[in-house]
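Some structures are shown below for you to check.
Consider the two complexes below, in which chain A is the common component and chain B and chain C are the respective partners.
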Partner chain A sequence: MGMFLLRRFAVMLATALCLTFVVFALTNLAPNLEKVAKTQGNTRMSDPEVDSWLANRGYGRSLPVKYGEWLGVLPGYVIEQPDGTVRGRCFGQADARPPDAPARCGVLQGDWGTSTVFREPVGAIIATRLALTGKLMFWVMVLMVPAALTIGVLAGMREGSRTDRALSSVSILSTATPEYVSGVILITVFASSAVGLRWFKGTATSAMENATLENFLLPVVTIALFGMGYIARMTRASMAEVMQEQYIRTARLKGVRFRNVVLKHALRNALIAPFTVIMLQIPWLLNGVVIVETLFNYKGFGWTLVQAASNNDIELLLGVSVVSVVVVLLTQLISDVGYVRLNPRISVT
Partner chain B sequence: MEPLSWTGILAPLVTALWIAAAAAAALAALRFAAGFVLAPAEGQANADGTLTASRGPLEWLEQAAFLALSAVAGVVLIFVLGGAALGLEAGLIGGIFRRLIPVWIALGITLAGSYLLRGRLGLYGKLFDSVIGTAGLVLVLFWVFAAVFGTFDLIVTHNPLGQSGAMKNEVPGTPYTRMIGETAEGAYPVYLLGGDNLGRDVFSRMIAGSWTVVQIAPLATAFAFMVGITLGLPAAYFGGRLDTVLTFLANLILAFPVILLFYLLVTPEIVATGIPTYMAAVMFLFPILFLTILLNARYHTRPALRLGLLAAVIGASGWLYLSLVSERLGAVHILPDWLDLFDVPGGILVVFVSVVFVNAPTVFRIVRGIALDIKTRDYVAAAQTRGEGPWYIMLWEILPNARGPLIVDFCLRVGYTTILLGTLGFFGLGLPPESPDWGSTINDGRKLLAIYPHPALAPALALLSLVLGLNLLADGLREESLRD
Partner chain C sequence: MTGSPDRIHPAARMHADEFRAGRISRREFLTRATALGVTATAAYGLIGAARPALAQGATPEQGGTLRIQQEIIALKDPRLWDWTEIGNFGRTWLEYLIEYNRDGTFRGMLAESWEVNDDATEFVFRLRPNVTWSNGDAFTAEDVVHNFRRWSDASVEGNSMATRMGNLVDPDTSALREGAVTAEDDLTVRVVLPTPDITLIASLSDYPAAITHRSYGGGDIMEDPIGTGPYRPVSYEVGIRGVVERSETPWWGTDVYGGPYLDRIEYIDYGTDPAASLSAIEAGEVDMLYESVGEFIEIMDSLDLQKSEAITSNTLVIRTNQKAEVDGRTPYGEAAVRRALAMAVDNSVLLELGYSGLGTVAENHHVSPIHPEYAPVDRLPYDPDQARTILEEAGMGDYTHTLVSLDDGYQRDTCDAVAAQLRDAGINVERQILPGSTYWNDWLKFPFSATEWNGRPLGVQVLGLAYRSGVPWNESGYASDEFDDLLTQANGIADADTRSEVMAKIEKLMLQDGVIIQPYWRSTFRHSVPNLLGAEMHPAFEIHPYKLGFAS
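Up next is the complex of A and B:
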């Protein structure tokens, strides 16, 4: 088990390094840097002005050097400006290099850089936004997991019955409805001032401080619906398989009531597979989070991703990708380890 | 002219429809609840060995629910047929069904033909045994025909890009005027599904938008499958270091959040650097590679036939490949203009490439998993003993035996690609902003969603029905192929 975990962490580290390097390379392409210069400086800058603007801010050097600085392996740049002051990665703009400024300041030193759009440290932005998205995800899980498991178990306990077909159709419908479709439909029905019921609000901006049923239910339901169908179908398949096992038949023949067979004999074995599915579903929910936070204007992690990406905010985007990669790889690891722990017939070695 | 109502002279039928629908819903719910309390009636065994079915309350409930559902279907059928016959007399629904007449005819012919020949059509013919599969097929075919006839100008009522100052955000059924107070001669009299925020016809845009999806989604999925199969089979068959490297790369791409990847790849700045064109140049090599290896493995014992076949295939696909990659003003300009068959607009190409890029690793993982399983079968060992080459075994022994799950996954993946295309449009990436594709239209409409929901609702429901159709189709195929 120890070797397994060690190897997995090594792969995780390699993946995270490769991924951040790709993001770094793509955001540092010449046209993207020009966009940064024109949005941060002046839109009407000429090409030589753009070049000097970029050079003065340390963007002009080679890619591996810049990446090394961001990682904190290489010392941060110190560039003399045309007006005689000095600008450095680790101390900003000053008349001379402050003596107490550290040589290296990157991720390894705990410095995630500064967002060019929000003009705040990346670490602080991500912490607050992640907390908001965590609140959203918590309620999504509270709604989605029990609903999906109930549907799956009810459908799978009598395979091929009317109940099974009806519930399976419902779960197919829910997997066929992406968030931007269910969001539009839900807002039209429950929040539109023209035709709808006006029970809920079509925006969740106020839910960031004060979440109520009125402003928070629609976004939560929108995300939960898309993920629910898939988990329900996997639960159904697993339940249907367990119900055909010998020990279930034995229990039935022994005269155990059907309800007790389902609850006491089948359920526990049937829930091993859905556990891994739920863990693997979390990265997919991230997409839903981005869409829903944009649609409902809830300024969480997904909304930050969109802002960072559309403004080519390099360091914020890198921070966002590190967090999402860690989420993806960590959930994979938990699902693998959990699968082994729950199922004594499988071992990792 | 008065604004049109939804149902026109068929309005009295609406009450009947509601009553039938309410009855069907109530009876179905009752049947569902009763299923937990009542036991189904048991058949009675007779002395001569036959069974007599008897009816309990559960069966009566079922019968009643079925009757109510049939009534709903009947009323809907009257709406369809009456609408197609009466046109705008039967309100907006009539007008829409009238416009869709070419689709109904094509749908009818295809379904009737396939149903009659179902015995000879293999898996496709068996689809008609399952209600779910047939329903999915109908939905998918509906959108395919709507998209194809839409490009021939048979269904759209107005120019999908044409704006009208008088029609901004007007509700469905508003009479069409190009400017306020100016009546349009010869134009279709109403906007069937209303106007959007620039006064464009929502109905025509919905139909025109289906063409984008029907064009890109299956083709992009097919490319993703070519890439996934060409890499997944050797990874599973040879194993070792090749497998480790390819799996790591696939997991690397899969660890990217899809939307972040789209934002990194599908921006005008990236298109300007030419990266999508280079990616296309690499990815579009895989189909040629796939076909070449496929034919070579099969016919390498018959050199004369092989030479001719390979020359023809490589020549034709190579020409297509070069025309696709070479662009007059783009990053790669290889072919002279007179040989260049077509140019793909940069926006479409980048969307296509990114969708293939996102899908290929998942296909790779599926193919690899199935191949790892099939590799251990006896017929593979038999082929190895016979002295067949590794590529022959992979492409002519393993791949045909993996087709069942792959066909099912293909249907699901076309649906998922449709969702991805919608996601791109929803974030305004790739396609031009006035493009009528569903995602962009939803994105346009969502800003005023609380006040004018109809411009976003129409494409949303369209996308939902197409993806639902594909998922149902996949489910039907899975059921039928398992029964085999």
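Up next is the complex of A and C:
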């Protein structure tokens, strides 16, 4: 088991390195750097102005050097400005290089850099935004998991029955509707004067500080609906399979009540597959978070990703990529380990 | 120049006669007279009208928190400001020498009054006494001279004030011309221009002209926010929100103009999608919008909100780039080709389809009827058949034009309508729609694209920013010595009527050279909750925080 975990962490590290290098290379393409200069300097700067702006801020050097600086294996740049001051990666702008400024400042030194759009340290931004998305995901899970399991079990315990058909149709419909469709429909029906119900709010901006049923339910439901159908389908399949096992028939023949057969004999075995699906669904739901957070103006991790990408905010994008790699691989790790715990027939070694 | 503050510029009296003779509108009269240094009250007096009270009937009550929907864009050095939204936030603690008002008048803020000599080469500003910075320093002429020096530093990348300062910038040193701006005493500043420039007053009211403390040298303005304004910034999170609260320092303007009324103002970002703004005001999460646009205006009208409209010289310019190369040739190098494109579209149809008819039809020369120097000229006829013939003669019959636009409501719709009309005329057009982050990277270079231009109080201003040869924002690649000369000439004529004679020549030249297709002047709209006062839409989208307050 120890070896297995070690190997997984090594893979995680390697993936993060590769991914950040790719992101770094793409965000450092000339047109993207021009975009940085224009959003930071002035939208309507001329080409020579852009060039001097970039050169003065250390963007003009070769890709491996810049990547090395970000990682913290190479010393940060120090560039003399036209007005005689110096600017350095590790100390900002000053009249002269401060003696206590570190030579290297990168990820290895714990410095994730500064976001060019938000003008704040990347670490702090990601922490705040991830916490907000965590809050959203927590409520999504609270709503989605019990609902999906209930639907799946109810549908799977009597395969082919009318309940099964009805619940399966609902699950397929909900999982086949992408968030950008269901979100808009939910807003129109429940939050706008177009239909006139106006039970909830069509924006979740105020939910960042003070989440209530009124301002937070719609985004939560939008994400939950999408994931729910899929998990319910998986649970149903697993449940239906278990219900055909010999030991279930034995239990029934023994005279155990159907209710007890389902709850005591079938459920535990039927939940092994959905557990994996739920864990794998978490990174998948991060996609939905990007759409839903933008749609409902909830400024979490997904929204940050959109802002970072559309403004070519290099260091913030790198931070976001690392977090994504960790989330994806960590949930897979948990699902693997959990699978072993739940099913003694499987071993990771 | 006599130098007496009571002196009324002779041209202002002349404009008053013109107004009485019905030759100019009230709005035009007010813009012209106040730009010449006549106070708004005196200007109304000249035409025998009483100045309308600002908050009609109702004075807002003290206190309350106002929430405004507005994009929160990264702050920077004021002279680099490139979005009015930044100006709106900064205006809460940084003030201007001069304020441009909804009715087209200029009035003094930090400058109590100003005088212009007859050929617009010498301006004397009398500063408002007893104004205190939030750090306790007195506001003096030294601060103003410091700002003029910062504005005129053309070596700073993206300094948009340097273009506005025009010939105050010494081309050899890229800095303020020696001796051009001097402090006569603590409260008097004299500005001497080498050549006449009537746009100076309007430029000083524009949003990058915020007056900063003499110790400010650039960098983060939130770090040590010293200001003269009635509020102080509390927090600013890009893309999320910015908050200001009432400053502890008493505000000079309370006795002069009244206000401030609110305790706290929150600017909240709902992104660029107008549907989100609608949701926000519908849900009661904001009290006032930055701007209501497109089909959302009608929806918001149906809600319990108050609407205000500003007639503006804001517009959309669909231009070809005369220098752009496509596959080794310059398709728009010839004036005939450009004229043909303009002839193939009907501007009134573009107004209807592109902007739901919420504006007035324009005439392809970027001078608006609300500009004081506007001169009516004959427009090019709408004649798609002839347009097609001209293009064929020029060897452009089979050419496929690519019309690029921003992915933004009315800009996209208008360009779609342009493309449809061109296709109807038998001209091949492809459309390319880009998101803002991509579009603004190349906005100057696209061979054929559309750009939104916000209005300026005077007609010569935009022409100088966008069409003079080689200026940074010249997106049409237009370079005409004749145009440049005429514009320089117009810039030296303080009297708008005489200027409009030169303007007529400029407008004809613009049409002759087919520089742009400029379909309409937009009216702009803003919705707010019914009990909010002072939130009326402004032609330049300005929000004046001290005027805002809730009705009791």
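In this text, the second predicted complex is superposed on the first by the 347 of 349 C-alpha atoms of A that agree within 3 Å, B and C clash if a C-alpha of one lies under 4 Å from a C-alpha of the other, contacts with A are read in each partner's own complex, and residues count from 1 in each chain.
Heads up, the rule we're going with is that a residue touches a chain if its C-beta (ideal position, glycine included) is under 8 Å from a C-beta of that chain, and two chains touch if they have at least 3 such contacts.
Keep in mind the model is a prediction, meaning the values are calculated, not measured.
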item: Touched partner set for A:31, first chain B, second chain C, both or neither; value: both
item: Of chain C and chain B, partner touching more chain A residues; value: B
item: First, second, both or neither for A:202, with chain B first and chain C second; value: both
item: Which of chain B and chain C A:193 touches, first, second, both or neither; value: both
item: Contacts of A:291 with chain B and chain C, given as first, second, both or neither; value: first
item: Chain B versus chain C as contact partner of A:166, first or second or both or neither; value: first
item: First (chain B), second (chain C), both or neither touched by A:118; value: second
item: First, second, both or neither for A:273, with chain B first and chain C second; value: neither
item: First, second, both or neither for A:45, with chain B first and chain C second; value: second
item: Touching partner for A:82 - first (chain B), second (chain C), both, neither; value: second
item: Interface residues of chain A shared between complexes with chain B and chain C; value: 31, 34-35, 187, 191-193, 202, 294, 310, 312
item: Residue ranges of chain C touching chain A (in the complex, touch as defined); value: 74, 76, 80, 82-83, 155, 157-160, 219-220, 237-240, 268-271, 276, 278-280, 282-283, 285, 299, 302-303, 435-438, 440-441, 443-444, 472-473
item: For the chain A and chain B complex, residues of the former touching the latter; value: 11, 14-15, 18-19, 22-23, 26-27, 29-32, 34-35, 161-163, 166, 168-169, 172-173, 175-178, 180-181, 184-185, 187-188, 191-196, 202, 283, 286-287, 290-291, 294-295, 305-306, 309-310, 312, 317, 320-321, 324-325, 328-329
item: Chain A-facing residues of chain B, complex; value: 28, 31-32, 35, 62, 132, 248, 251-252, 254-260, 263-265, 267, 269-270, 272-273, 275, 415, 419, 422-423, 426-427, 439, 442, 445-446, 449-453, 456-457, 460-461, 463-464, 467-468, 470-472, 475
item: Residue ranges of chain A touching chain C (in the complex, touch as defined); value: 31, 34-35, 38-46, 49-50, 52-53, 82, 93, 117-119, 187, 191-193, 198, 201-203, 205-206, 215, 294, 297, 299, 303, 307, 310-312
